[in-house]
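Two complexes, one shared chain (subunit A), two partners (subunit B, subunit C).
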Partner chain A sequence: MYDIRLENVTKKFGDFTAVDDITFTIPKSSVTVLLGPSGCGKTTLMRMVAGLETPTSGKVFFGEHEVTNVPTKRRNIGMVFQYPVIYRGTSVRKNLELPLLSEKLSKAELDKRIDEVAEILDLTSVLKRQVEELDNGTRQKIAVGREVARQPRIILFDEPITNIDLTSKLELKRSMKELFGRLQQTIVYVTHDQTEAMTLADQIALMQDGVITQSDSPKEIYEKPNSQFAGWFLGNPGMNFVPPEFIKVSGSKITSPLFTQTIDLGSKASSVDTFGVRAEGISVTSSQAKDGVQARVTRKSIGAGGQYLLDLAVGSLLIKARVSHSIGRDAKDSVWTNIASENITFFDKAGKAL
Partner chain B sequence: MAKSVETLEKSIKDVPKAKKPESKKNWFSWGLLAPVLFFFILMSVLPTIWMFGLAFYDYTLTSANKPKLIGFRNFFDFLANQQLAGSVSRTFVFLLCAVVIQTFLGILIGVLFWKNDKMPGRRLALTLFFTPMVVTPIATSLFWKFILDPTLGVMNYLVSVLGFERFDTLTDQTLAFPTLVFVDTWMWTPFMTLMTLAALGSVPKAELEAAQVDRLPLTRLITTVIWPHAKFILGLGILLRTIDAFKTMDLAYVMTGGGPGDRTELIAVSLYRFAFKSFKLGYSSAVSVFLMFIAIALTAIYLYILNARKKAEQ
Partner chain C sequence: MAETIFKPKRKSGPIKFATIGAWSIALLFFLPVAWIFSTAFKPKDSIVVSPPVFIFRPTLDNITEALSFDNTFDYFTHSIVYSFGSVIIAILVSYLAAYSFSRYKPAGTDFLMFLLLSTRFVPAAAFVVPYFQLFNLLKLKDTYIGLIAFYAMFSIPFSVWILKGFLDGISQRFDETGLVYGASRWHIMFKVILPQVKPGLVASFVFNILFVWNEFLFNFQLGGARTFGIPVGLFTGSTKGGAIDWAYVASIGTLYVLPLIIVIYAFQKYLLVGLTFGTVRGEV
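Moving on to the complex of A and B:
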């Protein structure tokens, strides 16, 4: 298998720079998710890996081979598009078979691969059907199966579950998770949906304005965002940010009415501007706690798993806290809240984590 | 249980629908349509009805006799007319040659333009290439007549410079008809190119890209990706071209006047002669009605084929 190396890759469309001087390695035999909001350049980056776009400058390598100007046909990649692509006028089996024909496999091997993929994707019962008869969800499964059955060294997924209905979305996500576990290929997956990214990724490359701002495992990137953007974009709800007026810096020590204790940040303390905390990093109690401040509950909603999401107002500060079922259920208009030091990430004026 | 479901269904059905001010809305849309409808009825529907009526009369402008209702006599007359039968079959040969050649060339050129979408000067080339289609057919006919003129024309000048003998294609027994097909092709191939480009444009980009990724061979690319999307627009193009070729009049009338002999006498030329040279309005109306039915039949066949394909797909 190959890793994919990008060296100073830039892509401009007229005056617009979609991808801005990215140097990055996508490790082999793992799932890398390019995550970011619309227009951040993630799809363009993937299309350059596929050879469907040519970089304005920079180089793309598959392992040791430079492929910057190699046409798509000769890159030996698979790609699943946002729009479910099917080859019309044929059966589902034929669709899965078409890309395999250029591989010159034995009949037995061909059938084995198709049957295997069909089983994982739950397509066995529709193998004989005409593709036009099927809904978008099934069509996308066919597209996934087609790319996987061919066993190319690199498989690219461009927001594959964005355009299909909810049930198929969940089904397909589950099948892909299973497939990704079995596959040895280098997989690149583009999405703007952080839940999808968290579910499927071995590592996430977070993109903003044409650059990769952070790349790490889902856990790392969630727990240790290196920028306010990363903190805000990952997580539902995104990270809470507490502005400077709630923070007091004296020498290397930082205090806040919300903190359970004083935090010593050493030399970095002077550049602290804001701090961030995840919704689940905020503790809430109904009765007065030792440290902490009183907060008003402005909104209360129950979420998946019975946890509650509380909108809290501490003076002029609005934050969201995720709390256990019992605390949420018992929370009245007024609660007590504080934040433990391990749940806090400090940011400087530019929004970079300290 | 069943009953409660029933009542539930009923209550869903009985939910009062939001009322739109139907009448107001209707007036507005009719108001917008009115100018078009007015001209359509005045210029198209009424004359057609008029023509249907005239077909049953003996009505000649040059005769002093009053129009006389003669039933189907006009129809019997022209069905018995050998010359007219000749024009009809000649028209079909013309139509077949022209449409086949133009479709073939149009697709070929369209694919070339489509494949080379980054070629410098592509836009200019396209614009120039489409010019024949937008020039009035009469003008086209006239200048081709000049080009081909045996004494004054550019073509014969070149022929004589090269040392060959000048010749007159338009009065030549064997060359006149192919020349007409040639000029028609010059004029209408751009249309088929345009339709080809539109048809190819209707193929989703992702499917074409997927075909590249999946390394589909060209034949597969055409049969499973391009054709399923392109066939409707291309079919429509062929249909429009067929109907139009069937009505070709100006080209033949200006360039050859139907000659030499009746070699290029297309049905529309004969019709023109009956109506505006002999002023036999009744008779020519009958011929027109007949032609209209042929055109409708052609359209129906095409639509049937297109629909059958669509149904098969569903």
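Moving on to the complex of A and C:
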């Protein structure tokens, strides 16, 4: 298998710079998710890996081989698009089989590959059906299966489950997770959906305005965002950000009406502009705690897994806290909150984590 | 008493009226054709009589007589060769052009598409003389090549328009998937995309064949004894004896529409889809 190396890759469309001087390595035999909001350049970046777009400048390597100007058809890759590409008027089996026919495989090998992907993707029962009869989720599974059966070295996924209805989406996401666990290929997966990224990725490359702002494991990127953008984009709800007027810096010491302790940041303290805390990083109690900050509950909603999401007002500042079912249920108008130091990430004026 | 939730069911009266109306109008439009058909099978002495005869003993005399003229068979051969030849070439060229417009979007595609169609704005009478001179100069007058090239050129713009509409409705992801699988552009164009625009191909084929099959003026001016088609043959043949030979007109006319009826009937299922000009989009 190959890793994919991008060296100073830039892509411009007229005056618009879609991908801005990216140097990045996508490790082999793992799942890398390119995550970012619409228009951040993630799809363009993937299309350059596929050879469907040519970089304005910079180089693309598969392992040691430069492929910048190698046409798509010679790159030996697989690609699944947002829109399920299926061949109408044929059966599911035929759809999986078509690209394999030019590879001169033995009948036994062909059947083995098809039966294998059909089993992983739960398509065995529909193999004989006509593709027109199937829903979008199943069609997309066919498109995924077709790429997997070809066994290319690299498989690219361009928002494959964005256009699928909700129930099929969850199922497809599960199948993908299982599939990715079994595959040895280098996988690149583009999405704007952070839960998809968190579920599927070995590493997430977070993109904003044509550059990769952070790349790390999902856990790492979630817990230690290196920018305000990463904190805001990942997590549902995103990170709470506390503006400068709620932060007091004296020398290296930092205090705030939101927590009771004093945090020593050393020399970094002078550049602190804001700090962020995840909704689950805020501890909440219903009874008065001695090192607690009083907060007013303005809104209460129940979320997945029975957890509660509380909208809290500390003075004039509004923050969101995620709490266990029992705490949420018992929370009345007024609660006490505190934030442990390790749950706080400080940012400078440019939004960079300190 | 239960409240009335639904409006009372509509009586079927108006719908029946509409059906009858539609049928009467359609039959009215069909009358000239029906007249030609029936005349072709009438005995000669009941064709031009007043009052017209509706009940008669059908005969094949008119048709056999018309077919017995030396050049009747030639007219048919000529018509078939230049009509089908030019339209098939036109569709092939148009498909390639429409594919390029749809996929590569050259700068100013919209304007180019407009320019293409604008060749059909000018009335035929305005350029029949220049074409006549040009064809004489190039020694194309009264040749199949000349006529086929001319009719193909005339058929291309409209076909490109129809086909581009269809191609725009086929997601480019099909092309890209093909590239990923290592297919050549030709393979993608003819094996992956072409089967998906069949209704468009049929629609442009039918529209153009109707036009070329019926075209008279240019065949008359640019053709000659070796290439005159049925419309010209009909025109010259009908007045041969000094008066109009209705039996001849009707017999040839009847034979003349048969190929069209067969073509349209055979492709009807595609044609209905074709008439929506590919407005059903595949991609969201």
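Quick notes on this one:
Simple rule for what comes next: the second predicted complex is superposed on the first by the 353 of 354 C-alpha atoms of A that agree within 3 Å, B and C clash if a C-alpha of one lies under 4 Å from a C-alpha of the other, contacts with A are read in each partner's own complex, and residues count from 1 in each chain.
Rule of thumb we're sticking to: a contact is a pair of C-beta atoms (placed from the backbone, for glycine too) under 8 Å apart; a residue touches a chain by one contact, two chains touch by 3 or more.
The model shown is predicted, which means the values in this text are computed figures rather than measured ones.
Upon superposition of the two complexes on subunit A, a steric clash is found between subunit B and subunit C. Contacts of A:Ile77 after superposition on the shared chain: both subunit B and subunit C are touched. In the superposition on chain A, A:His192 contacts neither subunit B nor subunit C.
Once chain A of one complex is fitted onto chain A of the other, the partner contacts of A:Arg88 extend to both subunit B and subunit C.
In the superposition on chain A, A:Glu132 makes contact with subunit B only, not with subunit C. Of the two partner chains placed by the overlay, only subunit C lies in contact with A:Asn163; subunit B stays clear of it. In the superposed model, A:Arg278 lies in contact with neither subunit B nor subunit C.
Once the two complexes are overlaid on the shared chain, A:Pro99 sits against subunit B and subunit C alike. Residue contacts after overlaying the shared chain place A:Arg150 against subunit B and subunit C alike.
Common to the subunit B-facing and subunit C-facing surfaces of subunit A are residues 50, 52, 71-73, 77-79, 81-83, 85, 87-89, 99, 102, 143, 150.
The residues of subunit B lying in touch with subunit A in their complex are 204, 206-207, 209-210, 212-217, 220, 223-225, 227-229, 313-314.
Taken in their complex, subunit A has these residues touching subunit B: 50, 52, 71-73, 77-79, 81-83, 85, 87-90, 98-99, 101-102, 132, 143, 146-147, 150. Every residue of subunit C that touches subunit A in the complex is listed here, in rising order: 171, 173-174, 176-177, 179-184, 192, 195-196, 282-284. Those residues of subunit A whose C-beta lies close enough to touch subunit C in the complex are 50-52, 71-79, 81-83, 85, 87-89, 99, 102, 143, 150, 163.
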